[in-house]
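The structures considered in this document are given below.
Paired with chain B in one complex and with chain C in the other, chain A is shared by the two complexes that follow.
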Partner chain A sequence: MNTILELKNLNKSFGAKKVLENINLTIPRGKIVGLLGKNGTGKSTLIKLINDLLTPTSGEVLINGKSPSVESKKIIAYLPERTYLDKSMKVAQVIKYFAEFYDNFDSQKAYKLLEELGLDVNQKLAKMSKGMQEKVQLVLVMSRKADLYILDEPLGGVDPATREYILDTILSNFNEGASVIISTHLINDIERILDDVIFINDGKIILHSECDKLRTEQGGSVDEIFRRMFRC
Partner chain B sequence: MLGRLLKYDLKQFLKFLSVFYILGLFFAVLTRLFLNIDNSLFMKIVGEICRGAAFSMLFSAFANNILRLWVKFRQSVYGDESYLTHTLPVKKHCIYSSKMLTAVITAFVSLIVLILGLFVIYYSKENADALKAMISPILNTFNISLLTGLVLVVFVLYLEFINILQCGFTGIILGHRFNNGKLGMSVLFGFIIYMLSQITIVILMFIPAIFNSDFMNIFVTTKAMNLEVIKFAVVYSIISYIVINIVGFLINIKLFNKGVNVD
Partner chain C sequence: MKFDFNNNIPIYIQIVEQIKTDIVAGKFKPGERLPSVRDFANETKVNPNTMQKALVELEESGLVFTERTNGKFITHDTSLINFYKQKYAEELTLTYLKRMYDIGYSLGEISKQIEQLGGNK
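Let's turn to the complex of A and B:
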């Protein structure tokens, strides 16, 4: 199957407030897709729905042709925008935890990436800064041989010097044939690695295009096009 | 996968509770030592301080466990840690079962440690005889030993404790279906569910009373009961509590399987 993710007529409301409206989207394998939009436009809600962290009001989420389930969770590697690990654990314990639960987790790769980032595996997460914890989480995600990587604001809490390293880490470590969805508003930083781009505004997808095609058709970089479209 | 989840959940709880267990038992032993060395005022004062510390630790282990189980449940199912909990490749019912089994096991261990602590502090032949004399009429009716009698009483309390814990979990699950005031709604739902469970217990107890006039006396008179009736009431209440806990567990699994909306 060439499609890894399909969303059909997806809606999500919180009470009377509609957060996502009639989302239809298909993501093929082997693509790096940027999910771009201003703050509070529904990017994280969309990602949570794909990861079974929210229940859709209506519509369907299909991962590899199936609804979110144990099987879909085996093939999705998700990096949330917040720190979610048990802070009383040491980094080495977290690696062991991931190795126990995910069959596709490569502990050796995780240790190698942690060493490259200068992180101490014997340090407790509680003793680490938020930025360091986010790096640990990124390492955990990129050490899985997943079919779909979903990264929600992977550059959010990271200093500019490390951003380049993180983008290279994503590029050089994601599984061949897998797809990556990156949600961010730091478009300038990630533009160079994107194949496709999705613009989301007020809970609706307003644009889905290949990056090169978009640049040619509209003139300028994706960042510039985004700024033009969403100028306040 | 349930085994792996349970291993981590238990490890996390027992690591925290072990501090209370060790300190509680340590002070229990000190109490025993200081109150038995001699009858001097100094030893009595030190012994009483140790007894206070032992009680504080042993009961804190129990009370802290309840609060921590609820707080941790909310954190790992709806809070920051839920981003890991719900993306692990495990079935939803395994997540709830692991939390409930952790509650059942840690409550049991806390209870055993509490009993052990009280035993260390208070056990003597005279105290055992006094206790036996106090409850011997009931023990004779049941034709059971002192130990079995105590185990039965503690078991009923334990089942009630598990029921309270589970009502709390149900309250958290139902409260989180609302967008606003989740905490308030969780407390309100927890209380309502607990009251409903207690009403159900009373209804279950009332059913045999319809068919047995002696048993009906429990509801309609304050006169002393026939001991056979009390015996039946104790056994029937244990069965009712077990049924209520199992039904509560199945309802929560069903609610959980409907999906979550994390914060």
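Let's turn to the complex of A and C:
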């Protein structure tokens, strides 16, 4: 099956407030897709719907052709915006925990990536800086052999030099045939690794295009095109 | 080898240019086998799909060819490589000349400049 994610007429409201409106989206396998939008435009809500953490008001989410379930969670590796790990644990304990929880978790790979990032597996999460904790989380996610990686603001708390390293880690570690969705507002940092971009504003998808096509057709970087479109 | 990119220009075009430059500069030898798309993308830290697109473009230029099941190779055709090298040199020279004319140099003065500074690498 060539489509990993399909959203059909997806709507989400919180009370009277419409957060997502009539979202239609198809993401094939083997793509890195940027989900770009200003703060509070519905990016995280969309991601939570895909991860079955919220229920749609109407419409459908299909992962590999099926509705969200335990099965879909097995093939999605999700990096949430906020950490959910028990901070009193040491990194090595978290790895053991993940290895027990997920069939497709590769502990060796996790250890290798942590070493490359210069992180101490015997350190407690609580003793690490925010940036270090984010790196640990990313390593945990990228060490799963998933079909769909969903990264919600993976660069938020890290310095520009480390951002480069994180992007390279994403690039060289996503499973062949898998897709990656990265939500961010740090477009400039991330656009070089993206195949496609989705611009989301006021709960609607207003653009879905190949990055290089966009650069050719509209001129300038994706970041500039985004700024032009959403000038306040 | 990691490529540096300018976000204003399609990334695949920049990869094409970078590899072309490496071919005409002899960093890739005629007939040399290129890494697989995925390995090449990993080495240069680019998206594998973008690398694939760049290699298709290079094949269209004739500088790269695919041997079925065996992978991609740099052309053996040294005259083609020289053709691109010359074209590239012309482009660079024209850019240089334009800028020099823009600041009011004559051809004679430009030649003198080149003679004086030509020894610098």
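In this text, the second predicted complex is superposed on the first by the 232 of 232 C-alpha atoms of A that agree within 3 Å, B and C clash if a C-alpha of one lies under 4 Å from a C-alpha of the other, contacts with A are read in each partner's own complex, and residues count from 1 in each chain.
Everything below uses one rule, namely that a residue touches a chain if its C-beta (ideal position, glycine included) is under 8 Å from a C-beta of that chain, and two chains touch if they have at least 3 such contacts.
Since we're looking at a predicted model, the values are computed, not measured.
In the superposition on chain A, A:55 makes contact with chain B only, not with chain C.
In the superposition on chain A, A:171 makes contact with chain C only, while chain B stays out of contact range. Of the two partner chains, chain C is the only one that A:212 touches; chain B does not reach it.
By the touch criterion defined above, A:39 reaches neither chain B nor chain C. Once the two complexes are laid over each other on the shared chain, residue contacts for A:221 go to chain C alone; chain B is not touched. Of the two partner chains placed by superposition, A:129 touches none, neither chain B nor chain C. When the two structures are aligned on the shared chain, A:108 is found in touch with neither chain B nor chain C.
Interface residues of chain B facing chain A in the complex, by the touch rule stated above, are 1, 4, 8, 12, 15, 80-84, 86-91, 179-180, 258-262.
Interface residues of chain A facing chain C in the complex, by the touch rule stated above, are 30-32, 167-168, 171-172, 176, 188, 191-195, 211-213, 215-216, 219-224. If you check the complex, the residues on chain A that touch chain B are 14-15, 48, 51-55, 70-71, 73-74, 76, 78, 80, 82-86, 88, 97, 100-102. Within the complex formed with chain A, the chain C residues making contact are 5, 7-13, 38, 41-42, 45-50, 53.
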